[in-house]
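Structures follow.
Shared between the two complexes below is subunit A, which pairs with subunit B and subunit C, respectively.
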Partner chain A sequence: MTAPAGPRDGVEITVGYRGLGGMPDRLEARAVEPAEGDAPPWDANTPLRQVGGDHDRVDGLAKASGRAKYTSDVNLPGLLQAAILRAPIARGKLVQLELDAARAMPGIAAVVALKNVGSRVRFVGDAIAAVAGADLHRVRDALAAIRADYEVEPHNVDWLRGEDAPLLDADGEIAEPWPEAVALEGALALAATTHGATYRTEVQTHSSLEPHGATARWQGEDLEVWSSTQATFGVRGELAQALKGRGLRVGAVTVHAEYVGGGFGSKFGAGVEGLACCLLAHAAKAPVKLMLDRFEEHTTAGNRPAALLQLRGGLDAEGRLIAWDVRSYGGCGFNVERGDGGGNVAVPDYYTRAAKTRRKHTDLPADTDPARAMRAPGHPQGWFGAELFLDELAHKAGIDPLELRLRNDSQTMRQDQWRFGAERFGWAAARARPNAPDARFRRGVGLASARWSQLGSAGRPPHGVQCRIHRDGSVEVRSGAQDIGTGLKTVLALIAAEELGIDPKLVQAFTGHTGDPSGPGSGGSTTTPSLSPAVRHAAFLARQQLAGFVATHLGADAAEIDCRDGTVGTRTQRLAWAEACKLIGPNPIDVRGQRFPNYGGKPFSASVCGCQFAEVEVDTWTGQVRVLRMLAVQDCGLVIAKKLAESQVLGAMLQGISFALHEQRIMDRQSGRMLNGDFLRYKILGSADVPELDCVLMTVHNGHSSTPAAGLGEPPAVAAPAAVATAVFHALGEPVRHLPITPDKVLAALARRA
Partner chain B sequence: MTVPPDPRAGVSRRSFLKGSAVAGLASTGLTAAATAADGPTTFGPGAHDIVLTVNGAERKVAVETRTTLLDALRDGLDLTGAKRICDRGACGGCTVLLDGQPVNSCLVLAIDAIGRPVQTVESLAQGDLPHPLLEAFVHCDALQCGYCTPGMVMSSLACLQQRGRPTREQMQHDLAGNLCRCGTYGRVFAAIERTAQAGGK
Partner chain C sequence: MQPFTYVLPENLSQADAAARQPDTVLKGGGIDLVDRMKERLQTPARVVSLLPLRAELGGIAVEADGGVRLGALATLAELERHPALATPALAGLREAAASTASPQLRNRATVAGNLLQFTRCWYVRSEAFRCVHGGRGPTCLAVTGDNRYHAVMGYSDCVRVHPSNLAPPLLALDAEYTTVLEGKTRRRKLAELFPSDPRGQAPEHTLAAGEIVTALHVPPQPASARTSYAESREKQSFDWATTACAVRVVLDGGVIEAATVVLGAVAPVPLPRPAARLMLGQKPSAALFQKVADAAFTGALPLSQNGYKVTVGKAIVREALERATR
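And now, the complex of A and B:
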């Protein structure tokens, strides 16, 4: 940790990674050009004491003890409760809306229309009006008293029944010819082994446990909002825009999201619920809380869209992919043009470098709640189809699935991960172990790759972090971005502590308040890589100021002062941290660090790599699938908070199992309504379903920035469903190509095999 | 919060109370309900103050007959550790101990908790030192977004109190009613194990 880099000074750093478990190191020197004034880069040779250690989550006790106040927990004097009237029809027009009866009811403080008469209704659950009152009982009574009439039109809630949907045969295979493609068909004709099949996944709801919603309070012209969101600044701008007719400007809006009960991609906006809450609080002249109930969560607050993929491809005699043809469809809900995550389906591109390829995707609308981004949008669906397809192709060619990956995967880092993971998992032995032909329980093992291609906001816009050092020795770091459970507060605290050479317990981290420097929305696994260099820069600037005080005190040159092990000083004269901080005046050292653009040039890696292995046991009598154990090998850039990073990977594996085996939205074609919009009939994975999980993090110095962290929201979520599905294929000897792999589908597969 | 009387309540509430198993109500913490001449205490219409025994203290709170224990705790007493996630007894986020047993407080009427000890997650951090189970949750990182965590903690506490050193299967059974979307289950088991090994309950 030396003086800041000068303008366009080239700095040589060591990038890459150390080999896991006896694998070779992949380290190399790179010249990078840090921006003027930025903190010098931490690279593979920098000794770090706090970062990467086994620290506790800094807000763990606040959360576990119930002390943490989420949006839903905010109680204000005179607080009113509120709820939304939802359309009972899937398609049509609102032709009458009578609110006066509701307004006149006892205990009701405000009623607002959310749709004008004449507006279109686009799905069951479309917001019509909202009511605020003394308590939710009275509010619900008032909702029932609102008269809303509709002009009903025929609807279609089944995305595969629309006019553009492909025709499926009785086995669920797309029964339409592929459009002509001369080069690709030439490659297929040359292939030693070819295969083609259709794969399908169902709608998964985000099911964040804290519902969407807000608490809002107006004070004169100012609006203060607590929002359960993964984008504090996004919500602020959205509300200011929506309410500008009331003279509201962005600067008068404060958004809090100090604690957020999950988001997973569904909470980027204030939503109609947030806006309704503000309108009601304005009309009632009192603070209002409006949180969705669980049915609204399942039916109006976003989902991972259903997907359909058809693949065909071929291997040459050496097991190399030489042809790869993919067409996919995604159910995006009613908003086919706008797309909010859309029906996008992504497939891996690193197996097919030697292949003739073609890729086509079509979004298919239906009269349902629009899709939203959900943890690695499009990826778990597409990877499930692609990886299971590869296993079927390997099976036909008589090649081990791992061997097929090793022959085709063009990413060196994942090649290392495959080899390390296979060894640790005991792949070869588990794969070779036969199931007795008449055994009730059959076991199988599978694997799948992962890739995520975003590594932070890259410094545009230049998000910031505030750092203050107080004369009592305490340190404060602040970001207006939100910690939705991913551990941002802990990440900020550990990096500041590392830079300042102090115990992380001296650092308090604050997140989720728009009064603090702007940060990104928590999407695309970008929060940690965006803000790690920013907090590092803030602490770096603060340290320089402290060094100035200490240099004056010691009569030394400020350039000779460093901070380490809780002391500050020169090589020969050192002050304890607390003593050094006493030199600070009544005003704290108060600086703002920024996220500079990524280093130019070619980084060591531009994406995040991983792979996962799974072992399952299938009960051939009941069709029940149980995952017994899983392993994730995961690149995550510079590991900041080890325990928290592991938690995120482990959780993504469980969400993936849940998607692979349990979750599906079931719509009633007649009424257009979701039939299982609760937690009794929409099953998410529970404690009884948890297998043995193993997770190996791989620190990779990607050479992007001074503090080269990667995010872990999406990367570990990509592979898990595919790993489970390929293991089920191994256990049964027959693929189940339609998630979730429920008992009926397993029994049908067994019947096909017999 | 003052609420106007509910015009539809009254007769049915009285007959409900007469016919229900709320024995001993008259001797409990009802402070504002009228006492009918013909026998049991009537309750309603509208809100009344009752006294709940929460974390060892007597707490006065205004409820209606239809108010759940969860809403009384959260909205009436500002004890917001217990969360309202599904409001149907399907997720365990509102778990508290009633008479020492874990219950979904969204499925218990506040008036049914009169005279019975209620223990919420807040009780575990009241003293100088947090309860060892909380420390184990933090140490094992048995939480991410933290929204299910207070419910998980209370179910874990009941599991420890009832079983001492639970097996993995017993933990999976006892926590089967608690959902977590972040996927913290494995680390919750580790936290219970750690607490049991240290002898903390």
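And now, the complex of A and C:
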């Protein structure tokens, strides 16, 4: 272990990465300046025993056995159940709302209006009123007894049929000319190969296993809320603000989210359901639970917006991209104003360093519920279009798709990943294997890149983590931030165990309670990179205090004491961990670590890189696509918990295949209502559809913090749909430019080829 | 859900009496029925569970004449693995059961419930819509709405499809069904269970109110009979067929002596196709099967979004025929 850094000392560390397989190492020395009092940096040469190891998820057994209690599991004495009345119309005005009949029904404890008479109704599912009662059956009966009248206006739920939508031809290509771009068109005119096409994706719903919702209990002035959320502190502030009128102050609100069954970007706020729950509990003077049902999940709790993008571009004779023009549209519901509704579509920029480029994006409205951020917002849509476009361009130019990437990708790290991944996947052989012309099943392989940039941040004011060492030898680490399933508890436990030189089983990690130190909302893949250095700092401070006790006991200098292999002491005199902890008094060592800002200067790599390869088999008789195998090569800075990190990547691949082949919201134009708002008809990849998945993580030392993890939740979600779509193109010899790639579209593509 | 009385009969005559009470429904595994009750599409005053009658109405057995009796309460999981079905002649029935839904559902779903389940049309099965089905509204909403999974043939004013996996192979095998009503037992051809003119207003099956299906009977099969079942879907797990086909062929010295082709999931009822006759006296060949597949869809009138089902359905007929004659 490196010695603690003195104040303002520059420390020389080794950054970069060791090559995967036969790839070259890219390591270099760098001077960094840790903040005063921070733990010293771990770098490429630090021997780590726990961090990066193949540990199980610390709460895996609790989750699998049902001991872990999610918001939907919370049960309190006298708990009431609640549900929301939803608007059946897509557009109009609420003109009458009569709640008294519902209030008078047996078993009903409270009824609250969520919309005032005269307010606008914006989509089917807009919240009108909420009811709490003894059980959900009675609550539903009461909802049916509420009289709500509407002034109905004509609606449009198809975002590509609105006034400002671009004109599409019969093949789905944008039929409007490109706005003039002199330099770009000049480059296109010089290109050896050019191509242009339109790509489209459908609305994907978040489909978290645990629905949105809350349980709320008032005790006097205090409000305690269990919320299925990605942002405990955000929810706390939001509720305090909304309930200010009831004399509530932030400090009196406790939010619990000890276990969260997924969020994917849809659970940053308390939502109308969370607020309704608190209002009902207040009115009923009893605890209330309000969880959305699956239809409400699909129709009111956010989604990944639909996208339409058109690309044109050109290659020079050497296969270099010299022109690249993108215009895109996002379909993200009623809240689009002045073209902005969060539907932005991102495309890769590392292929086009030498190209003339242009980008334009417009969001288009429809009378549907608003989009929310979803795992790498805008990226899977845009990467699908851009990577498939590149494959089509490569095909025209007679260049192998991998070769095209290698000629144009400006990121060294991904260059290494492409080469390593292609070798491991067997790209060249798989790509060269022909399909018999009359074969029923055609195979194909494809690939796509990924990028993300998230090295975490300190937070303002800085995030903290609490660490306690008890005299029985147990260690407690606590963050008020939430573990949405990505593994924060495991990350906290492993880093503390590493710093303290003990078995991770001695460490208990607690998350998701606002009584504990504040942490970030879990968005943008920030949680692990932001909190890893904070827990490290907490354990580092606790270790110093323990060293003080041991030094006194041994009559040694505290600076000579270290913790390793379950012992504490000097080079010559060592105590077993349990013995050392007995020196602690009845009060535990109790310290709070903080997240210091990232080191100044440039990190080794500011972006996380990855690439994925996929092999598919297409049944040309039925149009069904099956993914046979996939490989992801992915960096995520310092790998903390290997198994959990791999599981993020595998999960992203599965979600990506599901997006590429199955998932889509289907709206009934006439009623404005979603037709497939359940898991029977909203199709999600199932267990029998899971291909052989391979994942290789690449540890990269970016030298940006003491404990340099990088965000991983989102990057692998960027490449997966594109990898599947490019493989389908290879299998068919004809692209399917509209996700999901369902049998009807495959058969249409085959008919075009014939 | 509306409150209802739950009746657990001790024997068939109690069930028979209970089933004839007004506003009463029968429940097998309950997968389909309870779904519809939760959606408030059906709000009966009484639910009679048949599950206590497993001893009488369950099980699978070979009968004296060599035929196979499937108790109405036999589960799909039992069909999948029962030795009485382990013959090439009944392979199609086994395959149809094994490809249904998921293992959990197959452990619960009963043979009678599977044949009698309601359509999965997303307009029919939502309380938010008022369509012609069951007389809830004036017109079929799928014709002008989203009909990607709907009927391509055999429909009149309602374009729902019949979703049962078991119906096509049982029809192909010329199965019969036994019912009890008012103490009387009747045995009829399975084809009679489904309406000949499947309109929106008409019930999905021809049973009288309170009539209990007690068993299905698969007649004895010649040694050279073969059946197979094929279906198209969008994914491997937990999905409904977009088209399905069961075939039965009897080969004599390499020549097709008898043949039946029954389509599922393309019409409001499972649909035997006369095109099977084209195979009589012929030797199996890819060209012949293609011809039969094309002919099986003559008269198809796909809707605005489901033309693909005709292409896919033909492929599925071919696949079923190839597998049965392999």
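The definition used in the following text is that the second predicted complex is superposed on the first by the 741 of 754 C-alpha atoms of A that agree within 3 Å, B and C clash if a C-alpha of one lies under 4 Å from a C-alpha of the other, contacts with A are read in each partner's own complex, and residues count from 1 in each chain.
Keep this in mind: a residue touches a chain if its C-beta (ideal position, glycine included) is under 8 Å from a C-beta of that chain, and two chains touch if they have at least 3 such contacts.
Remember, it's a predicted structure, so these values are computed and weren't measured experimentally.
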First, second, both or neither for A:137, with subunit B first and subunit C second: both
Dominant contact partner of subunit A by residue count, subunit C or subunit B: B
Touched partner set for A:685, first subunit B, second subunit C, both or neither: both
Subunit B versus subunit C as contact partner of A:61, first or second or both or neither: first
Touching partner for A:650 - first (subunit B), second (subunit C), both, neither: first
Subunit B versus subunit C as contact partner of A:23, first or second or both or neither: neither
Contacts of A:621 with subunit B and subunit C, given as first, second, both or neither: second
Partner chain in contact with A:743 - subunit B first, subunit C second, else both or neither: second
Touched partner set for A:160, first subunit B, second subunit C, both or neither: neither
First (subunit B), second (subunit C), both or neither touched by A:668: second
Subunit B/subunit C common contact set on subunit A: 137, 680, 685-688
Subunit C-facing residues of subunit A, complex: 88, 137, 621-624, 626, 661-662, 666-671, 673, 675-676, 680-681, 683, 685-689, 742-744, 747-748
Subunit C to subunit A touching residues, read off their complex: 1, 120, 122-123, 126, 128-129, 141, 144-146, 148, 232-240, 242, 305, 307-308, 311-312, 315-316, 318-319
Residues of subunit B touching subunit A in the complex: 1-7, 64, 66, 71, 74-75, 78-88, 90-91, 93, 120-122, 124-125, 130, 134-135, 137-139, 141-150, 153, 171-173, 175-176, 178-189
Partner subunit B, residues of subunit A touching it in the complex: 56-57, 59-61, 63-70, 72-73, 75, 78-79, 81, 106-107, 134-138, 207-211, 259-262, 264, 291, 293-294, 484-487, 643-644, 646-648, 650-655, 678-680, 684-688, 690, 693
